[in-house]
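Two complexes, one shared chain (chain A), two partners (chain B, chain C).
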Partner chain A sequence: MVAGFAVALALVVYGVVGWLLHKPPTISAQPSSTPGVVNVSLQIDGAVGTGPHPGWVGYRVQNASGQWIQTTVIQLPAHSDVHFTVYQYDSGSGFRNPVWDQVAGTVGGVAYLNGKPATYFNDQVGNGIGHSFNVPALGINVPFAGVNGNASNFCNAGPCTMSELHNTITFDIHTGNPGSFRWQCFVPCGLGYLNGNGGPMTTVGYMGGFLKVVA
Partner chain B sequence: MSQNVLDDSRSVEATKKVIPKLIAIWIVTSLIGSLLVWFVLGPHLPPGTMTDQAAGAQFDIRFVSTLVPPVLFFIWIFFGYSLIKWRVKPGEDPLAPAADFRGNSKTQGAWYIITTVLVLFLAAFGTYFLVVPAGAGGGEGPNPIWTPGTKNMLQVQVIAQQWRFTYRWPQFGGMETTSIYLPVNTEIQFNVTSLDVIHDFWAYQLGVKADANPDVNNVAFTKTQQLGRFTVRCDELCGVWHGAMYNYGYVVSQAQFQQWATQMEAQNAAVTKLLPKYSTTYTPSYAGNGGGYYPPQDPNANL
Partner chain C sequence: MAIDYSKATGTGSSSGAPGGGGGGLLKPSIITGIIGGVIGWLLGHWIGNSFTQGYQQVQGSGSNDIAEFLGYIGMIIGWFAGLGALSYPIKKMFGAEPETEEPVTEKGWTKYFRYTLDHKTVGVQYLFGMLIYFFTAGLLALAIRTELLSPTYHIWSPDTYIEIVGEHGTMMMMMMTSVVLGPFGNYVVPLMIGSKRVAFPRLEALSFWFTPISYFILLSGLWQGGFQSGWTGYAPLSVQQGVGQDTYILGFGLQGLSMVCASTNIVATIINYRAPGMSWSRLPVMGWSMLSLGFTMILSIPVLIDGLYVLALDRTAQTSLLYSGHGGSSFLWENLFWFFGHPEVYLLAIPGFGLVAEIIPVFARKPVFAYKTSAAGFIGLAILSFFVWQHHLFQSGMNPDMRPLFMLTTELISIPTGFIYLVGMGTLWRARIRLTTPMLFMLGVYFNFLFGGLTGVYVSDVPINVTVHGSFFVMAHFHYTIMGGVIFAFFGAIYYWTPLVTGYQLSEKLGKIHFWTMIVFFNSTFLPLFAVGLLGMPRRVFEYAHRLQFLNQWVSVSAYLLGASLLFFAVTFIWQIAVTRKPTVRNPWGSRSLEWFVESYPPPAYNFKRVPVVLSWPYEYGDPNALPVADIVNETKDLDPVGRA
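Moving on, here comes the complex of A and B:
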């Protein structure tokens, strides 16, 4: 009886402590063939498909082994050029504020949608905007165009694969001094939550996280 | 058996002789304290003097702080004297020292009058300095009653959303920026609103603080008078990233502001065309933006 209670208590404590200490892993940018340039590859899934909230929308970051890890904490070297490649698998909608249509803070103020350069993306045309990458302290904002949610090869659960419908967005940034910089998505994509801003929008590892710029 | 009679050094007559000395000490210490607060501490009190409203707030705090030493020293000096002189000695009746004051109508009357005058004065002072400087930088709602004398004001719309502020400039083609620059020596009207939950626009060094409510235009006024950097913070708990909802702004020369605004207008021209027509409030669900995310019971959903 006492032993059973002790075991149960230990399990509860283990669970609570584990839950409190749990945080998404940090994935470092990968070196590229160009000196001074590192690569970051992201994918955005309409439903992450794993973990405690498989139905939540979320980001994945590719690690050195090529695996897609569900996280939003990315480590970047300071004073370096970083090349981002984003595979956007989710359908789109509008921003609450269309000012976020603007591409900002990238090298040249430009981002490339499937290879085509643009300084802004209209969230009211086509499939709208799926998600965005906004780092307030660095002035970075890049909207990612959505895909057709009714397509037969639409990815319903992550990790998504290249054969499934996606947009590829690329852009470059130049990092400055070391620091931890918060980023978030500005599309209200927290389905079922007040103003679309709860759930994955408020949970690190899904639609917001940190860029850790290190020396 | 306890003593009911105090010794001569603590008689009413002896105390009356000491009171002028205590008052003299009080006046000297209060004067020194108040002068130090006014001239040494005063210029460093928040929120500074970057705007007329901030300077007004600093004056209010400085003035009220200057009133503190007289009150403080009054309590300390008489409390200290009482502790030393009126301390109950072994064998004395503990209530004896207070016997001469109990039911003393002059003491009671003086207490009532002094405290009443002080509180009423502070109320009148606070009201005057809230009304006269056009609402003292506070949000006055959509129809402000305390307005600046001029109608020639720079209009700045503050749009809050989880979790950033953006700024819209109706006098510059309705452009919207993520940064804020203000020209010096200029009367400014802030129109503060929100696109989602309740936020608060708190431009600390400007002395401006106004809640950002969805579907409400909350107007606040200020007049810049000093160059420098100011901090904008959200001051209503608005969600998990509330603590990260801040940015910095700058009060710059009029020429620098014109240059910045012209550059921003050109840089943002393409996106300005995509923005909804300038309005004092915006309801995203009206335009369909993010409309699918509003629950059916949302009163805005069917508008």
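Moving on, here comes the complex of A and C:
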């Protein structure tokens, strides 16, 4: 019985330490054909479809093999240009503060929605804004326009495919010194939580994560 | 007073649970309890899902809170059924006369893994249970300090960080309420008052067996998204959280029930089971502290349980009692919680002070100074603790005119605290102090509490409270009072009573290494946090200003060293009681307290051959003409520690 108790205790320690060490995987930016430039491809699913919270909204990052991995931890090289391509599959709504309509912190202060450049996205027109990519420490804010949630080819669960309705947003940033930078979606999209700010909004791997800039 | 002159709690065969016949794995124990708990959880969860399929508190969460609650309730019932705790009440309920057990006579290690009615076994169960709680929550504290090594480089995500903080805080606060009453109140107080048993052994046993299940339920929250509300569980955040919050409600609620059971038993035991001659004026100081603690628990903890029940209703039955958006009020939670929460602070301080006031005279070789003042101090603390809770809400938008009133009541409480402090100082004054390990820990309590108590006067003041609210200053303040106070007293008490409880003497050298490393690194950890807080660092935030990095790194490294000191204790303590086993001498500290005059160490079943008659006050140190404390002193003084003549 004493041995059984010791085993149970060891399992508790293993479980706690295991939980502490568990974190979403880190995906590195992919090299591009242009020297000094790396690529990052993201997709945003209205429901991630897998894991402990399949109904939560979340991001996926494409790895070197082309697989879409559910994570929000991205490793970038320092002092480099990073080209982001975001496939936005979720419907949209309004911001609580229209200041987030403004593109900021990108190269040229511009982002491209389906190939068209813009410095400002009005969250009150069309399908509104689905999500955003904000890195407060780097001054980056890019809003992502939503898609029609009633469309027949709307993606109900991730990982979504190119045949399903989406917007493609591209933008570039330039990384500085190494560091770990928190990023967060600023659209309160935690459906079902009071004021939309719980659940996926406060959980890394869904609507917030880190840019790990390494030398 | 009622006196139990009988040999035992009863007579009869020992078949049936608990502690009765049967054998092997089928005999009720922690193993059958776990099996029962798993079956109960599956059954409860299945029933919940059957009745309320797809019913979610949080849309898209994929989790059904009703099934979650019913699963845990099934687990609790299964746990107690597996332990054999339900046999007796069920038989009674159906009119049968259950056989009375004599589990107090069970020998060997396995009794510590069973539902037993022996107060000494329950005390040891509590001791190890509380140490497991403490070390688990301590591990989480080190995780917090690891994250805070850098202001910007992160080990954990913000959600994980706040979950760690919430789990650490709740686990520590749950554990601290029982850390003295559980091991020492249950084990020592009946011996101190000359009783052969406790008043309600089943309540006492129940109080302990609530704690492992509440530990597991609370810990399981880690794997279910945690509870980002922290230990205070403020609504509406606690209403909107995922199922991890349910583990907070159930874990905390069960610990509350545990405390009610334990305190009811200790109060009834002290009032009714004192030996002849143990008048109120001869009651050991620790008895007064346990009595004050018990009444405070009985009056405050039901309010917490009520609040948790309301929160559970909001999360399952979709009431809106705590959500102002639908007509409820988050103030309701805040008041219910803190009406328990601030008396709880004194639930931690009172027993710590009780230990200190009990043990210091032994090593000062002087009577406890101003005995009646110390009793008045405990009672004053207990009463006033119910009139201060609103100082936690100074910033909440409460009626500003109420703030001076609660500032005054909070400052008033420093008077009974001062009584107890002065009792200690007076006892030490011109004493022949023996600096043994237990004494060092008790002196450490006074040193640490000086910082915690004085900063408490500051934070009770409205302008300062408003300034430092939610900062590391407050965090440092309450760590000084709780860890610097009750935990130091707890370790001192372990060193003091281990010879009695185990029959083995702990090494003074190893104990002093533990003490000096612990007090140095404790202060090195928490003293800089006052400065960190005053410099503007908020609690529960995993990023902070770069200018505070050095101080935070200092604190983190100190915290690791403090952890190493505690690990040193754990290893040496287990080693000494399990491997080296150096036999103790009889009454190694020269105490006059009754517990040391039992026949053998550890004390035999039913404590005393006969109920002792108390002849004098237990603190007559230094008086050569003082009567022995009881008539059994001369009968046992020539026995060796294992009871041989």
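Things to note:
By our rule, the second predicted complex is superposed on the first by the 195 of 215 C-alpha atoms of A that agree within 3 Å, B and C clash if a C-alpha of one lies under 4 Å from a C-alpha of the other, contacts with A are read in each partner's own complex, and residues count from 1 in each chain.
Just so it is clear, contacts are C-beta pairs under 8 Å (C-beta built on N, C-alpha and C of every residue); 3 or more make two chains touch, one makes a residue touch a chain.
These numbers were taken from a predicted model, which means no experiment stands behind them.
By the touch criterion defined above, A:Gly139 lies against chain B but remains apart from chain C after alignment on the C-alpha atoms of chain A. Look at A:Phe5: by the touch rule set out above, it reaches chain C but stays clear of chain B. Legend: residue contacts after superposition of the two complexes on their common chain; A:Thr168 is shown touching neither chain B nor chain C. Judged by the touch definition given at the top, the superposed model places A:Ser28 against neither chain B nor chain C. Of the two partner chains, both chain B and chain C are touched by A:Leu191. When the two structures are aligned on the shared chain, A:Asn97 is found in touch with chain B, with no touch to chain C.
Of the two partner chains placed by the overlay, neither chain B nor chain C lies in contact with A:Gln75.
In the superposed model, A:Thr202 makes contact with both chain B and chain C. In the superposition on chain A, A:Arg182 makes contact with both chain B and chain C. On chain A, the surface patch touched by chain B in one complex and by chain C in the other comprises residues 182, 191-192, 194, 198, 202, 208.
Put simply, chain B touches chain A in their complex at residues 159, 161-164, 166, 176, 178-179, 195-197, 239-241, 244, 247, 268, 270-271, 274-276, 282, 284, 287-295.
Listed in rising order, the residues of chain A touching chain C in the complex are 1-2, 4-5, 8-9, 12-13, 15-17, 19-20, 23, 47, 52-56, 137, 179-182, 191-194, 198-199, 202-205, 208-210. On the chain C side of its complex with chain A, the touching residues are 29-31, 34, 56, 58-62, 109-110, 113, 132, 136, 139-140, 143, 152-154, 156-160, 162, 164, 219, 222-223, 225, 228, 236-237, 239-242, 323, 325, 543. Against chain B, the residues of chain A that register as touching in their complex are 93-99, 101-102, 104, 119-120, 122-124, 134, 136, 139, 141, 182, 184, 186-192, 194-198, 201-202, 208.
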